[in-house]
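Note that chain A is present in both complexes that follow, paired respectively with chain B and with chain C.
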Partner chain A sequence: MAAEGVRKEPKSADNPILWVARPMATAARQFGKSLIRPSTIVYPFERLEDPQFREEVAVAAGKPIGVGAVWDNYRGVHALNVATCISCNLCAFSCPDLCIDMVTVPGGDPKHPKKCPEIDYGKCSYCGFCSDACPEGCLTMTTRYELSTAKRSEMVYSPAKLYEVFQRKLPMNPVRIELPENEDAILLDPPLCIGCNACSRDCPTQCITMIDIPKVGPKPGEKPAKRIWKEPVINDSDCVRCGTCISVCPKECLFWGSRT
Partner chain B sequence: MSEMWINMGPQHPMTHGLWNLRVHVDGEMVLDVDPEMGYLHRGIEKISEDRHYNEVVTLMDRCCYVAGLAWEHLYILSAEQALGIRPPERAEWIRVMSEEFQRLGSHLMWYAAFVQDIGLMAPFLYGMRDRDLVLDLFQSYTGARMTYEYMRVGGVRNDLPNGFTDQSRKVCDWLIDRFEEYDRLCLASAIFHKRCDGLGKMSRADCVAYGVTGPMLRSAGSKRDLRKDRPYSAYDRVEFDVATADGADVTARYLVRMEEMRQSVRIIRQALDWLDKNPGPVMAARVPRWLGAPYAPIGNEGYLLKRNYPKGLGLSAIEEPHGEAQAYIVNDGGEHPYRVKFRSPVFANISAAKKYLVGYRIADIPPIMGSVDVCVGECDR
Partner chain C sequence: MSVTLLSVATAISQAILGAIGSVLPQPASGAVTNVNTVDGLAALIFAAILLLASMLNTIVLIWWERKLLGRFMDRRGAMHVGYAGLLQNFADGIKLFRKDTVKPREADTLGFWSGPTAYMVTSLIIFAILPVSTGWNSGSLPLSLLLALAVFSFAPLFIFVSAWSSNNKYSLIGGMRSAAQMIAYEVPILLAVVAVVLVSGSFDLQTIVLEQTNYWFWVPLFLALVVFVAGMLAEMERIPFDLPEAEAELVEGWNTEYGGMMFAFFMLTDYLRALLGSFLIVLLFLGGWTMPGWVPAAATSFPLAGIFWFMLKVYIVFTVFVWIRASLPRVRTDQLLRVGWNRMVPLALLSVVLAALLVTVKCLPVLGCIPTLGG
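Up next, the complex of A and B:
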């Protein structure tokens, strides 16, 4: 019946009792094993993330591997180190579910308010794109997974609440994306620039400096352009490619591109 | 009034998801069937047009919820072709290993659901227990148990953690023993053969005519397997046999899937050996920044138009656990794909239901549909 490459069916015994007895014996053996070493855990009392418990439980249940080694990479609730956050918006931009809002937290000066992510776990899909995008490594994912609340509003974690998670020193997802060598940078379209200083003012890493450029008078017959004779220069090594400068530019003269 | 139409579904233990099988019956006999899909349609293809190339990966996990990594692999192969990026070799081997582990996970899930359909409860528990080990391995290197978000354009998100290959080998050895146990529970059982032998016959010519692929086609004697016929990633460098059988019935599909799981373990062992010997980068060196670039800020979308990036088309086909899946991506040089189209094997397999259900009894429908291995998530997308 079976073709080559497929195992033959086990030889059926002539005695019809064996047709039922053999499967029953297999199941009975498993049942006997489960009486001594159950495969399941009693969840609220036994927890996989408990370091004293997690190495023993799986091996004791007869499984080939323990669960301790698999646990540390888990992507759960975020931890935010508010102190090192540079308000670059990259986490909010990279979120596919749009569940991150940047809210003002104390600590900034009036001209540059400090903004940190506020995460709505009702929407979050735990994809980890935000922690991959974070250039400072201050937004990471921890192994915490218990989130149930009675109110929806409690699913929204403010920066202060995320900082509490950070202070618990849970094991954080240590695996971070290997950032590729960046091909693209932020480029300037010089004729459009009016030198308004908006990009330099809002850059979270202060990597944009405004330099003086030579004044060129209007051609005869043209109206003189409204222009401050300055132009931004972006330091590529400090730039985290957050795109804040592009979004604040009133003349759309900054854009993504390759320098070569 | 001796004949009537009855609805099996959308909420029925046989459907394994949300779809409806309308059955025209005369007493016990099935005269006609009419499958109705679409209850789980989420518009994944349309949503993809509004996502960056990497962000579509999050949708692929929801596309087929038991074979997420296989669908990520499918999408990423197509996207890399459209964008003109080549991944490093190590990433390709990790993807092959991931896809085979995913095949194990998907087939174990199928085994658990299928034996429950024919009334065997104990093997269901064993199948789910052993699938959990595969999920543990996924959690150890992707960080999640079902929604992995692991593959990226140009490679994979991260390298394997320390000690992963040793643990995987232990799991492989353990699973090989379990397959013997499954055969003792099912193939040696009179109940199994009485429920399954000679049911749901679909000839090879019918399979080809209706576009039915995967284990259903191979159970009819065909040797069609895209991993052999049109190798992608590193499949041309691994040794394995294509599992076939020639009953074309439910038992033959069981045999094919069991053999496929053994072959998957064989492929995984070769991949683990290669990964042990060849450390290296898992991400292409030069990937354009805009793959992870932020959304266009509100009110300032115009700047995206100034970009001038290469255009291209991507078409990929892989042997997914359920059959042959295809993805087609049009890249018009924008931030997002212009159009994404997927071909789901399950849709074709269910659509041919008239061919393999008519003429049997109504109590035969659960085992037959169980042997088709329905995943409604990818069928409706």
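Up next, the complex of A and C:
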């Protein structure tokens, strides 16, 4: 008596000839099926779907990318729009793997060279912090996943190469974490400032203007202060909080703080 | 006079030695073109051709198995090196031969190194015995069948030697299983061969094949064929009887400790033996190089037609082996021994009795009248 719930084997399973014949028939059927075309996709030479195709589908569907398909949320190779990059360095700051180097690219003036990210995909963990940090939205992550190279050095993507990826107009990963309103601002400690103009010069968004301040004479018994009588004023609405001004300030008179 | 492999080898030998002799001064020239020297070099060339042919066939056989097995598993098999991956095995061979061969410290040196070599050599010897076509081997040996089977059954001994001297528990278990398997399967194989010998009346493989001109022996001796094929699967240690290797439970069985060139030796010899098993099945049961009468004469009379049809049959037999490998799971040791002793020995005995009966009542020539079987 078969126990409750145990599937009873068909009677024919008792025949040892069938133990051999059945699997062999199954194998022969499989062989016949795959003789014309096996299921294997010969990957580098043929693909189930190619990125170009995916882009066409996304465009044809007219749907906002990020809705519906799994690959819409995929974080692959970055695309860099070199034209809108402001060299703010925030991507390199935010990178947890230190895989982003800011390298000089043509297009800047000699005083204010243009620097764009160069990404080493041997180190990158595809966390997406850099594209979240990018204030101009010029560094985004695409759904491109084919990265294999013959040399390790080819895994370092220069800004030019990242721009090529951008030009291919691959579907971008649009998921940007909405950062909370940043109440922090760059504050100035006026007595320390020497009015040297470094912050204003290096600000990637040109949101710092130097304004004239009244000249204060030396107190009795002190030497006259060696300084330019100007002070930076920061336009908070244009500031991207990159901190470049803090790092270039020779007197450390700029610091993070709250205006309220 | 028909062209035989030996005559080809002799001609090559004469040409080489004649060219050397014409350059040399007189006394040395006479010694070089001497009959004994020519025959000696001819024998070497003969052996070299046999070795090359068997090795090439073995490698093509491995390719064929990989491709077939791929299709059975809904994939493609080797496909990038050479046309359809035909050169993949050469690439694998070069890789293995370039590797270091490592001997475990506690292993027995003599047994560890001589085991694989003897395993390969004993398997290669059989190629000199088996006739592929009328002119292929050196001549007809009166007891070539017995010699072939005797040398064929050496292998488990060397497997056991190399397994034991590896000083590894998995190797030893694999070697033990190989020995047990040999004892269980040698008896039914030999009994099945007895049936063939009874019907053909000869131990000479060439005679056995020529006896099959009218009908192939698998028709009257179907039972013996089934027993022989099953026994050969166990002899060749192929799935479902690859217990000595059993990679799922014994790491790699008796060749666990072998790497590089020695592993290549083992793998090559495994397929060499698969080729030999297919050779024996074709020779004993499927008519060797003979073709039935309904095949048009043009298809059987072109040069090397015998070798062509023989190898075609061999590859078809091997395809069946691959099919079996793709279908059936590995049996347990106790199942294997029980099938060997309880089922196959009685079946083989039955086939011997049947063969004796057929020979006694002299009904065999009737088979030759059926057009699909011979003529």
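What we mean here is this: the second predicted complex is superposed on the first by the 192 of 260 C-alpha atoms of A that agree within 3 Å, B and C clash if a C-alpha of one lies under 4 Å from a C-alpha of the other, contacts with A are read in each partner's own complex, and residues count from 1 in each chain.
In this section, a contact is a pair of C-beta atoms (placed from the backbone, for glycine too) under 8 Å apart; a residue touches a chain by one contact, two chains touch by 3 or more.
None of these values were measured; they are calculated from a predicted model.
Participant: Quick one: classify A:Pro110 as touching chain B (first), chain C (second), both or neither.
Facilitator: The answer is neither, since A:Pro110 touches no partner chain.
Participant: Regarding the shared-chain residue A:Arg241, is it in contact with chain B (first), chain C (second), both, or neither?
Facilitator: first
Participant: Please indicate which partner A:Pro38 is in contact with in the superposed arrangement: first for chain B, second for chain C, both, or neither.
Facilitator: In the superposed model, A:Pro38 contacts chain C only, not chain B.
Participant: Quick one: is A:Gly221 in contact with chain B, with chain C, with both, or with neither? Answer first, second, both or neither.
Facilitator: neither
Participant: Chain B or chain C: which reaches more residues on chain A?
Facilitator: After superposition, B is the partner touching more of chain A.
Participant: Should A:Val20 be classified as contacting the first partner (chain B), the second (chain C), both, or neither?
Facilitator: After superposition on chain A, A:Val20 lies in contact with both partners, chain B and chain C.
Participant: Kindly classify A:Gln30 by the partners it touches after superposition: chain B alone (first), chain C alone (second), both, or neither?
Facilitator: After superposition on chain A, A:Gln30 lies in contact with both partners, chain B and chain C.
Participant: Hey, what residues of chain A end up touching chain B and chain C alike?
Facilitator: On chain A, the overlap between the chain B and chain C contacts is residues 20, 23, 26-27, 30, 39.
Participant: Would you tell me which residues of chain B are touching chain A in their complex?
Facilitator: Residues of chain B touching chain A: 51, 54-55, 58, 122, 126, 129, 133, 136-137, 139-144, 147, 149, 152, 154-155, 157-159, 161, 163, 167, 170-171, 173-174, 181, 183-191, 221, 241-247, 255-256, 258-259, 281-290, 292-295, 297, 300, 302-303, 306-308.
Participant: Mind listing the chain C positions that touch chain A in their complex?
Facilitator: 68, 70-76, 79, 323-324, 326-329
Participant: Okay, in this complex, where on chain A does chain B touch?
Facilitator: 1-3, 5-7, 9-10, 12, 16, 18-20, 22-23, 26-27, 30, 39, 58, 63-65, 67, 69-71, 73-75, 89-90, 93-94, 96, 125-129, 132-133, 141, 173, 175-178, 180-185, 189, 241-243, 246-247, 249, 252, 254-257
Participant: Please name which positions on chain A make contact with chain C in the complex.
Facilitator: 20, 23-24, 26-28, 30-31, 33-35, 38-40, 42
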